[in-house]
Structure formats: C-alpha cells, structure tokens
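Next come two complexes, and both contain chain A; in the first it sits with chain B, in the second with chain C.
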Partner chain A sequence: MTITERKTSLHRDIAPQPTVRKGRRDSQLRAAILFLIPASIGFVVFFAWPAVRGLYLSFTDYNLLRPPTFIGFDNYLAIWSDPVFWNSLKVTLQYVVMNVGVQTVAALGLAVLMQRFTRSMVVRGVIMLPYLIANVIVALVWFWLCDYNLGIINAALDFFGLDKVGFFGNQDIAMGTIAMVNVWRHLGYTSLLLFAGLQAIPKDVYEAAEVDGAGEWRVFRSVTLPLLRPVLAFVLVVTVVGSFQIFDTIAVTTGGGPIDATRAINYYIYQRAFERLDFGYASALAVILMIILAGVALLQNKLLRANESDLER
Partner chain B sequence: MTIIAFKANRAANRASNEDDPALAKSKVAKFFGRLALVIVILITLFPIYWMFRTAFSNNRAMFSEPLSLLPVDFTWGPLKRVLGLATPAEALAEGGSGASINFAQYMLNSILACTLITVLQVTFSSMAAYAFALLNWKGRDKVFSIFLIALMVPGIFTLLPNFILVKDLGLLNSIIGIALPSMFMTPFAIFFLRQFFLGINRSILEAAVIDGAHQWRIFRTIVVPLAWPQIITLAILQFIQYWNDYLWPFLVGQSEQSKLLTVGLGIFKSQTPQGNPDWAGLMAGALVAAVPIFILMLVFGRKIVGSIQSSGVK
Partner chain C sequence: MKMNRVAILTLAAIPLVLTGCSTAASSDSASGTTLSYGLWDANQAPAYKQCAADFHKANPDITVKVEQLGWDDYWNKINTGFVSGENYDVFTSHLANFPEFMLNKQILPLDDYIKADGVDLKGYQPGLADLWKGDDGKQYGLPKDFDTIAMFYNKQLTDAAGLTADQLATLDWNPTDGGTYEKAIAHLTVDKNGVRGDEAGFDKANVATYGLWMENSGGSDGQTQWSFLAHTTGWDETNGAWGDKYNFDDPKFQSTIDWWYSLVEKGYMPSFEAQTGIGWSDQLTAGKVAMASNGSWMTGAVFGATSDTFTPAIAPTPVGPSGKRASMFNGLADNISATTKHPDQSWKWVKYLGSVECQSVVAKAAVVFPAIPAATDEAIAAFTAKGIDVSAFTTQVADGTTFLYSITDHRSDVSALVTPAMEAIMSGKAKASSLTAVNDQVNALFK
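Right, the complex of A and B next:
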C-alpha cells in the first residue's frame, strides 16, 4: 500500500464518494449481522418471544398440563376483584416507601460523610461489600440476627431488660424488618453512586463556599444538594424499580407471612404460577406489574428531565 | 456525561487528600465525621462477622451463650457438616440435622453455571457491542434501542414463559437450563461495553480496514485488547450477579447435580427443624457461598468499586 492511497482513503470521510462508501457500508452491514447473531438469538428467544408469549398467556387459562385456552380479559377482571392482589400491592408500596426512603436518606448522608472526611478506597470497598453478597445470604444472616429465641439482637434486648421483638414473626413489623435488611444490603452501593455524583461537583464551588464562611449544613443544603439532584433522580429510578421487585428476601424468610403481611406482588406472582400452577393469572399479574413499573420510570424520567438544567453550570 | 464520569473517577482516585477542598478542615468536624464513618463500617461488618462467628460455633453450646462475641466452643463441625465431610453421628452430636447436605457439590454447580454464563454472555455481548458501536450500518441505532427496551422488562415477566420454554426443551434440572436464558446476552452487558467501544479512536480501525483486515480480525486484535480491562470488569460484575441469583436457578435447578449454592441455602433453611434450627450449619453454608465473593472483592475490589462508581454518573 502506498502513501497516496492511504491519503485518499483518509479523505473519504471529508469528501464523500458515494459509490465507495456504499460498498463499505454494505460490507459493514454483513459484518454487523454476523456479529449480532448470538446476541439476537438471545434477544429473540429469551426476551422478545417470552414477552409476547407472556402477554398472550395473560389472556388465557393455563396450568402447564393442558394447552392454554383463551379467556379474554377474565384474568384481569378476576385480579380487579382479588383482595390478595390489592393487599400485595399495598404491602409492596409499604416496602418501597420504607426501603427507598430510609436508604436514600442514609446513603446521601454516607456519601457526604465520605466526601467530606475520607478518600480511602478500603472504606469504599467495605461499605460496598453487603451489596455483593447474595440476597439469600443477607436474608438468612439477618434472620439469624433477628431470631426471637437466640438471635443476638433479641438476646441484647433481653439483657438490657427490654421486651423481645418478633422482627420477622410480627405482622406489623415484618415488612419493615425486610425493608431495613435490604437497606443494609444496598446502602453502600447507593451511597457510592451518590458519592460519584458528589465528586463530579466542581471543587471551586466548595472553595467559594469556604471563603464565604458557610458551615457544613449550609454547604450541604445550598451547594451539594442542588447540584446532586440529577444523580439523585437517576438513583431513585433504579432503586424504586428494583424495590418493587422484592422477592428473594421474602422467599427465604417469611414466605409471604405472617398471614399475608409480606406477600409482595412478585412473590404473589410466583405463588400463583408455581404453587397453584395458574400461569395465565400469574402472567396477567406480571403484565400489571410491568405497567406499574413503566409508569414509575416514566414519572421519574420526567423528574430527571426537569432537573437536567442543574447540570449546566 | 461520560466526561463527568471520567472526571469523577479521576478525582475519586486522586491520592492527595489535603488539597481537596471538599474535605473538611475543622478538627472537630473531622472527629465527628470519622466517628460516624466508623459506626457505619461497624454496622456494615458486624452481620458478616456474626456469620463467621456462628459458622465456627458448636450449635448445641451456642444456645447457652447467645451474647458471646467469639465462636462458642470453636469447632470446624458446621463447615464439615455442610460440605458433606461429617458423619450423621458427628453432625447430630453438634446439633446438626444429620440429613445429608453437600455444599461442595453446589459450589461446583455454581462455579460451572456462572462460568458458562459469564464467558458466553460477555463474548457474545462484546460482539454485539462492537456492531452497535463501531460498525456503520443502516438502522443500527434503531436496533440498539430495541435491545435496550429489554432492560425495562421486569424479570418476572419473561421468567414465566422462559420457564415453560426450558421445561418444554426438557432442560429442567440441568446447568444448561439455568444458563440458557442469560448466556447469549443481556442488554446491560451490551450497553456497558458499547459505552467503552464508542470511546475507541476510530482512525485506528479505519487504518486496519484499509490494510484489508476483516472485521473479525479488527475486533479480536484491536478492539478486544483495547477494552480488555472493561471486559474483565464486566465479567466480574456478571459473575457475581449470577452467583447471587436465586429465583431462576431455584425454579430450574432442583436436582443435586444442578442445585446452586443460593438454592441449596434456601432449601437447607426450609428443611431445618422449627424448634431447634441448625444455625451454625446454616451460617457455615452461607459462608461457603459468600467466601468466593470475598476473594473476588479482595483481588478486584478497586475495579468493582470503580465500575459501580462510574455507572452512577453515566
């Protein structure tokens, strides 16, 4: 290859030569198809097709043994008058509010603490650790810590002469307990996301605040929080959507109980499908969950967009 | 946003502490700030420590000393018990159930399934990411956004039909059945790698094209080596995610040959007698399942923290 050839080909981008370009595009299309074959199989067979099939199943009566029979909107009508569904929606919302509420505030506090007082990578690694441990393990460890008879927490309460608490067994607080267990698991992760957002705030803003003699609280309220809002909005979308799908912790601790105080929507779907083999009904529930989540994401996206101007500094 | 993420990372990784104006200067503030951090770290670590403490305790003796901060009557018994190395008599003597449980087998299953998923998924996803980031073809961005929609679909929605599919294929109770839905790609992996591929200087690739290199060669010899640190980071993140996954492997892998660690733990807990649970054994099982993650964190901690940090600002 000569230098001149190289030059002309480099110039191709600046001065378009339609025929050559088209040829290159075609060859790249062929390459793209080849590169996309495996991922497309995965997408079509395990995302797109199941999504269509799930939607179809939601209009059927299907128990895995006999072929599905089309029943129109019957599942949806049945769900509308199903008190267990409404209860599961209620307890899911309770969980989301408790979990995301506490978690976001605590994570924000921790992120600011890290930003103001340490740059240690080890600290960041340690507070992240719970997030990397399986939900199931975290749930079991806390189930043990909170055990009524022998768990350290109740043993300590007993030691100080206080009443023992049935953290997972009392229907008024079981969901709260599960929410706090998952706050423990997600706190470090969430605060790292927020911490990254804090690090992106220009340093001179803090210098200016310092010169003006602003105190910690003032700096937080007037500098940190407003500039962090876009990242905060993103974190909220992720955590709310994730929270709505709580399953593992419930499955290995309360199993939806006591009574149905912790039967969150995802767990109810699981029970309908795999304990009662009512796949049509479960699919309809899943469709409803998806619509709710899409609504939540859209709503929060609006919030995100409304905050975008804060980024322009 | 990527520029901000980059800046954030650089700022976060900067070693010099004192010239960072975001750091507090006042001694009193420093004291209380650090104190608060220490408390958070203690709350974070205590449950993990308690898992260790319980896993090395004698389940029978533990009941008399629930507040002891050290293992009660230190023993390897619970670990032996869950790894299938203790005889039923030994297990019963220390308050185990005597039923056979074999976390060594589940560990092997987990390693097999997660390695299979991670290797294939990361390979196929990076190929797709290459097509989406560095090849020019009509409709590229449309197809990409269709792939991204899959990110929005809640897991349980595709899980039900996927279960029926895997069941119809006769792949229930097999490692391959567990791996199948996620081993071709996930939208997250494609999205993650595409971000890095977009940052690759195209003129290098153009030069290779002119030299007559095929796209596959460019991908193998230029793009993959350039993005190798990110590919490894993604592989670690995905491995951990599938290691920790519960619902899907619980539905698909119930046999001894396909039960993953998380599933084994859940079943172990549900089988443990109500009145006199084998807490030590349960925590030993949890420890077995968690230790590989601790090792990954020790080796790759900086990578993992860095990637999660930057995902927040993107």
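Right, the complex of A and C next:
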C-alpha cells in the first residue's frame, strides 16, 4: 500500500511533460461536457429557464392573454394581505404534519418488521403495490369508498351503529382524510427506503448490543435509530418537500373545499393561474413556496446532520 | 354546461380512448385549407364529425379536423394556444370563459361576416344570440344549442309517495314556507324506519332517501341549484348584461338561500358534508335521493341509468312568488380564435355549424337542444323516439320563463370569492346574511 503510494507520487514528481497531463485533463473535460450536455439541456429548458421566467413573472401583472406588465412587488404585497394565502399555508402545514408524521412512524415500524421477520420478495412487492397505482385513481377510489351515502366505509360504520362521517365533506376532517389517503399510497415506498437503510447497518453492532443485554426497545432507540439517521434524514427531506406540494388528491376530491379547508398552497397556485388567469400572482406564490421549501430542506439537513453517519468514526 | 368534478374526470378519460381513432386529415385536399375545430363533450363529437364531413362535401377546398378533449385539458389547451399561436381555428366556447377571451381580444367579432352573408340572428331561440354579444356591442358567436333546468326524479319513489306526475308538474314555491314544493320534498324523504319527512317520528339523523339533492353550494351562479328559485322572487344576479354590480346582498336572494339551507336542518336534503362524494345522478340512480334539479345536458346520462329500481322522469321547476317558473337559459356558441390564419374559411365553418343542416344532425343525436327552433323540434322528436319526455325543459322556452346566464368581467374571481362563502352557509357555519360582506368584495373587483 505505502509502496505503491510512494511510487505514484514519485512518478508524479518526475513526470516530464506537464502538457500531456493538461491535454488529458482537457480530453476528460471534453468527455465530461459531452456526457453532461443531455442532462443540462433538460435542466436549462425544463428547470432553469422556467424558474427564471417564473421569478420575472412574479413581478408582473400577467393574465396570459396580454403581454406581462412590470408591477414590482405589488403581487407580494397583495399576497401578504391575502387571507386565502395564509389559510393555505396553515392547511398545507396541517397536511404535512399529519402526512409525514403518520407516514414516517408507520413506515419505520413496517421496515423494522420486514427486517426482523421476512426477506420475502412477495411481501416487499405487496407493500409497494399502492405506490404503483396512479395518484388520481387512488384518490378517486378512496373518494368513492368514503362517500357518505353510498361508500362502503360509512355503510360499515352504520352497520356497527356508529355515526356516519363525511370524510371529505367535513371541514375538520377533510384534510386529515387526504393526508391518510396519501399515507396509504406512499407507506410502502417509504418503508422500502427505510428498509434499505436498515440493511446497511452492520450485524455486529446488534450482536454487541445483545451481548450487553439491551432489550428490543433499547436496541431500536440506541442502535437502529442513530445508525439509520442519514437515510431517515433523506427520506424526511424528500417526503416533506413532496408533501408540501400536495395537489392531485385535492384536485380530484374536494377541489379546495369545504370552504377553504383543503385549499393547499399548490392548489391555490393552480387556481390563481389556470382558473383565474392571474399568472403573475400565481408565480409570486410559487416563488414563495420555493423559498419555504428550500428553507425547510436546508433546516432539516442541518438538524439531522444528513451528510455524516455515526458509522464512520 | 356545468358538470360535477367526477363526471368531468370520467369524461376526461374518454378522449384518451377516442383520440386514437379520431379524424386524420384527409390527404386529397392538400391544396385546400385545413381547419382545426375543438369541443369538450364526447357525447356530441360524433354529430360534429358528421357535420365536418358534410361541410367538406359542400366545400371541397376546406377540411375540418374535429378534436375532442376533456373539460380541463380543453381549456388549458385553448388558453395556452392563444399565447403560442397554435390554437384551434374554431372552438366551442362557454359563457364562463367568453368574457375573458373577448376582453383580451383573443376571438374575432363576426359582425362584418354576419352583415355580408345576411345571417338572421332572429332565427335563433330568442335571447340566445345576445349571450354572445361583447361589451362592445359586437357579436362574437352564433348560438348553436341551449340548455334549461328541470327536476329529475325517480318515478318509483314518487309513485310510492303517492305523488302523480301532474302534481309534480304544478308545484309552487316561496321562500317563507316552501309551498307545495317543500311539502312534496318532505313527503319524498324517508328515514331508516320508513317514516316520511312530514310524518310524526321522522328521524332526520338517519335518512335513507332524501327528498332533494344539494349538489354542492352552486358557487356564484347556482345554475342547477338555486338560480331557478331565486329568480322567481324577482332577483337578478347582476345589473344586466356586462354589468358591474352583483346582488348577493339582496334580501330576496338571501332568504332563498336560507330557505334552501333549512331543508338540510329539516333532514330533507343532505348536508354539505353528506353530499360531498359521488355525484347526484348516481345517488338518484341508487335511490338515495328521490329528486334532483339539474340541466338538460344530463338527460342522456340519467335515462341511460334506467334499472329495475330506477325509472327516471322529469318535472319542470316549481312556480315561484312571481307566479311563473324560471330557468337559467344557457347556450354554447362557436368562437373563432384570433390566432387563425384562415378567418374567412373559419367563418364559413361557424356559419355552417349554426345552420339548420348541421343542427339537425346534432338534433338527431338527441344530446342537446339546437338553438334553431326547427332543429329544436327535431331534437324533441328524437328524445321522444327514445321514450324521453323533455317537455319539462322546453316549457320554459315556450312560456318565455327563461333568464340568461349573467355575463360580466371577473367571473372567475367572483366565483373564487362566493364559492367558499356559499359552502360555509350550506355547511351551517354561516347565515346567508354573511353574503352581504362578500358582495362588497365582489363589487370592489369592478372599481
């Protein structure tokens, strides 16, 4: 090991033609550029340019049908005093807390169960199944299952003598219902990610814990959780950011109602842009959402120290 | 036309299947002009494809490509098409979007063409042509069909309640005690133990069959929900066509809404909570409700669901304090996009779409009522041939009891303000008087 290292460094010292190396670096650069071009085209055309243009539009009054006119910070000032915007932030946050909270805990439980009791591909496949169904279909099916008069869930509640529940029609319950529908869909996917993280934890630390006489809960708390942290952090960042952008389930079921109970920020952006043709205002909302999401992701990364693992010491 | 969200989604799925076999531009007319034409209603697509074929036969140098998309995709395509310049040359338009298109000069006025070709706007059912007049007094569309509102009911349930078709056709209503309309609704409501809504011991917490369906709050126009009641009190939504003042603060309107919500409290109509979900026509088919107000465009769907337990029938809306019935009179027309490179040919096609030739093809499909009286009669005959009596819809036109959809600027903003407020009222969280404050916000849009 040390010998080869010394050899290469020796080589480097006496390398006679630096131009050759420069040439090689150039050719690597050229190859790199070649490989990066397809991805960059996509990035520039579908992300960077729309983002820049969106930022510009957020400072304009733009109804799509007439050219945009620059109005400075007027959109942002209007948003500041828009009660629907503040409400949309509130209900979005409710959704994120319910969705990510329940989903992460349940997925963690499921992942631990999988790791402990089964290696079966069939079980893993079945757990993934809901994730393979399109969002809109999932939402529609639950919407119908939950129907007050014709849905099987309320029929069952009625059968057992319980009061019927307007899962999507009750102002206090609707957002929770939507959060749970999406937990149902994403649970398997999330738990598979966590399961992969669990598998990466070396067996010997568990053996050591066992030798030390640690119980099941203690092992989970002091071994599994800390060692799973980087994966957990990744999963949390992805699910929180994704969850903030809840749209399709709402669009298919409640359409933002009852009243404003499920008018989440992304749905409000859509309505402002495509229903009310207020693209300037909608762009400003989108910029605000982007800033919030960037902040949340950064904060999570910092708090959870996502880029370091307790395994490397 | 307005449909509920689920119906739209279901319909939206249809074009995915249909576009696969939609018209390919015929190649023999490579030298001529090819026009693109858009519509959203899959039920009408076959009739309009037939019109396009007939039109091509009469005008061999013009080929029309008919494309049908689901409601949401359709409007997104048109809105973005105005910007990109790649749009339909001619498209089926809706009054909810027409003001925005007209005010932003995205559609062409037709007056010069109408004058040059001597098209008689009086040849349509009265009033329909006015719907498509801009605030500049110019005509932007030729009406092609219309719809009115009536009550769909399950005859088996009304028979069981001892209500005859004649009784249902002569109900009266007022916002104070609901008149015989409310009495009929109460009698049609049945709880879990079989007790009717107007009988002692009625359990309003456990209703098996509601007398009337709510179908959301109706938003800012209540087209199928409350507009046919409110207008019989003498109320108008705005101060006229292209108005700048809404009247949601009018006590006549607010008392109508308060009465409407009282049906929920009495257990005759599902609460907002209980009606969110599967759409009204499926609830009617399933026997969860005896009667529901809706538009003539739903006739095909409702009668298509006939089963052992569901015998559909239609009654006209009740007579109100004015001594007359009322129904919103809404209709579609074709607009020419300002982005078209072939305005003259597009006009030819628009004129053909509004002509007797094309509209009698549409009439025979028995989906909508054509705007030309002669073709209207053909459609009625086509419905009758299918065993459907649509006189409850057409009586409003014959008696002149229709009123027009209120066209104003800011329609979508008005809807965004009023809909949550109406939902709060229908959820029992607010009184109809709360609309006064909302109305101020609405009218502020026009300042």
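Points worth noting:
We take it that the second predicted complex is superposed on the first by the 264 of 313 C-alpha atoms of A that agree within 3 Å, B and C clash if a C-alpha of one lies under 4 Å from a C-alpha of the other, contacts with A are read in each partner's own complex, and residues count from 1 in each chain.
Criterion: a contact is a pair of C-beta atoms (placed from the backbone, for glycine too) under 8 Å apart; a residue touches a chain by one contact, two chains touch by 3 or more.
Bear in mind the structure is a predicted one, so any value in this text is a computation, not a measurement.
On the superposed chain A, the positions of chain B and chain C overlap enough to count as a clash. In the superposed pair of complexes, A:137 makes contact with chain B only, with no contact to chain C.
In the superposed pair of complexes, A:227 makes contact with neither chain B nor chain C. Of the two partner chains, both chain B and chain C are touched by A:151. When the two structures are aligned on the shared chain, A:288 is found in touch with neither chain B nor chain C. In the superposed pair of complexes, A:198 makes contact with chain B only, with no contact to chain C.
By the touch criterion defined above, A:128 lies against chain B but remains apart from chain C after alignment on the C-alpha atoms of chain A. Which of chain B and chain C touches more residues of chain A: that partner is B.
Shared-chain residue A:180: touches no atom of chain B or chain C. Once the two complexes are overlaid on the shared chain, A:276 sits against chain C while remaining clear of chain B.
Once chain A of one complex is fitted onto chain A of the other, the partner contacts of A:260 are limited to chain C, with no touch recorded for chain B.
The single stretch of chain C with clashing C-alpha atoms against chain B, selected from 134-142, 188-196, 260-268 or 278-286, is 278-286. Shared contact residues on chain A (touching chain B in one structure, chain C in the other): 64, 136, 140, 143-144, 147, 150-151, 252, 274. Interface of chain A with chain B (complex): residues 1, 5-6, 9-10, 13, 24-25, 28-29, 31-32, 34-36, 38-43, 45-51, 53-54, 57, 64, 110, 113-119, 121, 123-130, 132-138, 140-145, 147, 150-152, 155-156, 159, 184, 187-189, 192-201, 203-204, 206-207, 210, 216, 231, 234-235, 241, 244-245, 247-248, 251-252, 266, 269-270, 273-274, 279, 282-283, 286-287, 289-290, 293-294, 297.
For chain A in complex with chain C, the residues that touch the partner chain are 63-66, 136, 140, 143-144, 146-151, 164, 166, 168-171, 252, 254-255, 257-260, 271, 274-277. Across the complex, chain B meets chain A through its residues 4-5, 7-9, 11-15, 17, 20-25, 29-30, 33-34, 36-37, 40-41, 43-45, 47-48, 50-51, 54, 62-63, 66-67, 120, 123-125, 127-128, 130-131, 135-138, 140, 143, 147, 150, 152-158, 160-165, 167, 180-185, 187, 190, 206-207, 209-211, 214-216, 219, 240, 243-247, 250-251, 261-262, 265-266, 269-270, 279, 282-283, 286, 289-290, 293-294, 296-297, 301-302, 304-305, 308-313. Only residues 5-6, 9, 75-76, 79-80, 82-83, 100-101, 104, 106, 216, 270-278, 282-283, 286, 288, 412-413, 415-416, 419-420, 423-424, 427, 429 of chain C touch chain A when the two sit together in their complex.
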